[in-house]
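See structure below.
Each chain carries a letter (A, B and C) given by its place in the written order, and its residues are counted from 1.
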Amino acid sequence: MFLRNCWYTALWSNELKDKPIAKTLLNEKIVLFRSARGDVGALEDCCCHRAAPLSLGEIAGDYLACGYHGLKFDVNGKCVELPDGNQVPSGAKVRSYPIAEKWNVVWIWMGDPAKADPGKIPDLPWLSEPKWTATPGRLHVKSNYQFIVDNLLDFTHVAYVHKRTIAGDPREATEPLKPERLNDGIGISRWLLDVQPPPLFANAGNFKGNVDRWQVARWHPPGVVYLDVGCAKAGTGAPQGDRSQGISIWSTHLLTPETEHTSHYMFCFSRDFNLEDEGMSKLLYEGSRATFLEDVDFLEALQNNRADGSLDGLIHLAADAGQLQARRMLSSMISAEQA
Amino acid sequence: MFLRNCWYTALWSNELKDKPIAKTLLNEKIVLFRSARGDVGALEDCCCHRAAPLSLGEIAGDYLACGYHGLKFDVNGKCVELPDGNQVPSGAKVRSYPIAEKWNVVWIWMGDPAKADPGKIPDLPWLSEPKWTATPGRLHVKSNYQFIVDNLLDFTHVAYVHKRTIAGDPREATEPLKPERLNDGIGISRWLLDVQPPPLFANAGNFKGNVDRWQVARWHPPGVVYLDVGCAKAGTGAPQGDRSQGISIWSTHLLTPETEHTSHYMFCFSRDFNLEDEGMSKLLYEGSRATFLEDVDFLEALQNNRADGSLDGLIHLAADAGQLQARRMLSSMISAEQA
Amino acid sequence: MFLRNCWYTALWSNELKDKPIAKTLLNEKIVLFRSARGDVGALEDCCCHRAAPLSLGEIAGDYLACGYHGLKFDVNGKCVELPDGNQVPSGAKVRSYPIAEKWNVVWIWMGDPAKADPGKIPDLPWLSEPKWTATPGRLHVKSNYQFIVDNLLDFTHVAYVHKRTIAGDPREATEPLKPERLNDGIGISRWLLDVQPPPLFANAGNFKGNVDRWQVARWHPPGVVYLDVGCAKAGTGAPQGDRSQGISIWSTHLLTPETEHTSHYMFCFSRDFNLEDEGMSKLLYEGSRATFLEDVDFLEALQNNRADGSLDGLIHLAADAGQLQARRMLSSMISAEQA
């Protein structure tokens, strides 16, 4: 039921330090570690000898050593050493998963390894390039990942769910969105002209009066969503491309199913202003996290009402066009893969 | 497996204030709210648009507004307003349940709405009439509601389970009970003459010596039980109808299945003495709650031993006649309904 | 799937005081109590009248009285008294289990009562005889009991799992073990000559230099394992039988399945030195418990990876021969019993 032949996001690169990390992805228990030479291994989190989770072990140079009996595995899952010094039998190995590191993210391929092409990783330069300051974080959400994608492609909820954080103007709920079918994904966008800035932007951008506000979202299947949102002083030409009187935040949302009903949610705000301002970083990190936690309350309640993650039998509003297109695209990709 | 065409108790009337309240009743998730004009709505707790629980929303005048996208519903479950101002599609509605308010209780009809007749609500005047002072409360019990009904129609357990609260005399366990088939329910009753008063009554009635004690229980299917229990100074004519030297407490127990193995338990002590005495109210509320919590320990342990809520294969004592009649009556009502 | 016709360990004898004790053994809920005359009863923990757990009752002389309605049961599960004084119906009884007390342990027979022969209880004199000081304890482990047996017949893990407690020498992981098929069980043993003492023994025995160390384990199906482990000053003749320069600890492990995936683990260290030294008792009790808790972390993680408790599809090392023999022996005993 999950798309398999695609890149999922496992970790932020800097989460991999001197300890192995256990993650369940698509119902599979996986251990990730970085070897002494810097390679990342993603292995089945279950030793082939006595089934101990390798995540209870430790990194020994280029290998991961099981904490139960000391068997050592390389990043490809091959056992290279037994504790008794005997010859390693040929069957001594655990499943490994293709890995790619890009944009400060560890990407994992959960399908056929032969098809794992790092060229298919979406472009997210604002996560790692020096002209941006990124403030990444992570949440665990007890909800199917599709509800989270729906929510990110839905700007209407902002006026209701985010009243205390990013909501700024009642027109949030009513301004129509333009959905757009992309080569590899779905986009939606809209402009709110001459509106009050939402509190988070008002603080960060020090706006005194109304702003022109843009909201652009892009979804790349199955679990990458990024939003280009920002405000510029009203009437200074932002809709025509001049953002010099505004501030812009790229907000990235990297979703990976843990199970059918729980999800890993990596998020990041990236800004191109006040790059060295740690107070600003703190404000944006904490502001974004507080905002996403407001979503989480609803997402988990939705899951509770809809165990299968579907939208079957529900009614749709005009603003839902983008999320419905995204669901259809993903559904047909999964069908094609399983055919 | 539940009786459907009957009134269940959802809330005490005064529990409905300015927020919607979520309750699961008979496995169905329901939101209850009181509109500005005072009507009570009981709706499926799941918005027809994106499945958010309506109980996360807020009361907006006569309507309940979804907290996710602002759709507004009336007390009949009809959507009356969309956030984008577009016309409401005809399918935009959620299931609603018939409601009646009587005796300070919000009653809900879980079966065929056409059959919902408020005339079928049992008489419980001591819950609301001015000559009584009522001290209502609520418990959540991890037990099938039938075990709770059994327990209320069983006076024998008092000597064992309630040693530290309402038990007074060893004859509690041995005095026979007279079961009685009522028009709509089952009754049991007995008198204990010239016995020590139990601690709760001794305190409340300030008795110095022995008392004549009465215990009368009535069950109305499926989940209403009330007990008329009291003590009068021994030999002052209470059995003949003169309660002037005694005190009397009507104890009401309103049970609604949450699931097959959990129950909502609303309870109330009503007295016709010391009406304005707040210390007495506190004593009776806290005393009754402490007593019922002693029952809860056993009720939850029973449920743990008997997941199906039945009494199959158990032996019965003479004192169990009333509860067995009640189980048979309920069982045949459920069968008749499903035929 | 469990061996039935065998003795399991239910309690340490001194755990049975003035209250009944509830235990789930092999998925069956059981109440144990000691009557006034000293007999132990093991009964189904469910009253035949209203299904209340008898473990919520109290011991009344030679009987166990139900806490719900006061029915009294003897150690054989026969109801001997009703609360209303009426004659006890012949069907008023609960299942009872054969019990034997030996070595300060309450043993329970979970199979055909006619086959319960106390002569089949393994010899464990160090648990109760005066020349030993025993420091018993108990753990609850969320793991199938067979993983615990495996672990006790596996000395290789000591160098990895018990680094901070009993591990002493890297040779722990590499020295071969001699497995041995016993009349009724499996044994394994080895000597580590001229090695550093592990911290626990170094403290207890006050060794200054290297020691000769022995490790002998015996498993009796299904759940009794004991280890004779010790150290003597290196070169003082311990391998030839002279333990006068050493200390010896018999470590007993009594495992009973609670369910397929949880186990009761009673443990005891017995020593034949410093018998009256309470500091030593404390050191050994706390040291053993700390050590076993290190195992528990792995055992519970194994169970998490292997819900069925099997070793199917895993690879085996030379040191695993003993545990594999034990698994095969138990498996054929279970098959024989079910044939």
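Rule of thumb we're sticking to: a residue touches a chain if its C-beta (ideal position, glycine included) is under 8 Å from a C-beta of that chain, and two chains touch if they have at least 3 such contacts.
Computed from a predicted model, the values in this text were never measured in an experiment.
**Student:** Given that chain A is a copy of chain B, what angle of rotation, in degrees and a multiple of 5, matches their CA positions?
**Tutor:** The two chains, chain A and chain B, differ by a rotation of 120 degrees.
**Student:** Over half of interface residue numbers shared between chain B and chain C means same, under half means different, so which is it?
**Tutor:** Different residues, largely: of all residue numbers at this interface, under half are found in both copies.
**Student:** Averaging over Cα atoms per chain, report the distance between chain B and chain C in Å.
**Tutor:** 48
**Student:** What are the residue numbers in chain A that touch two or more other chains?
**Tutor:** Within chain A, no residue contacts more than one other chain.
**Student:** Could you list, by residue number, the parts of chain C that touch chain B in their complex?
**Tutor:** My answer: residues 29, 45-46, 48-53, 56, 66-70, 82-86, 89, 91-92.
**Student:** Sort out for me which residues of chain C touch chain A in the complex.
**Tutor:** 150, 154, 156-157, 159-161, 173-174, 176, 297-298, 301-302, 304-306, 311, 314-319
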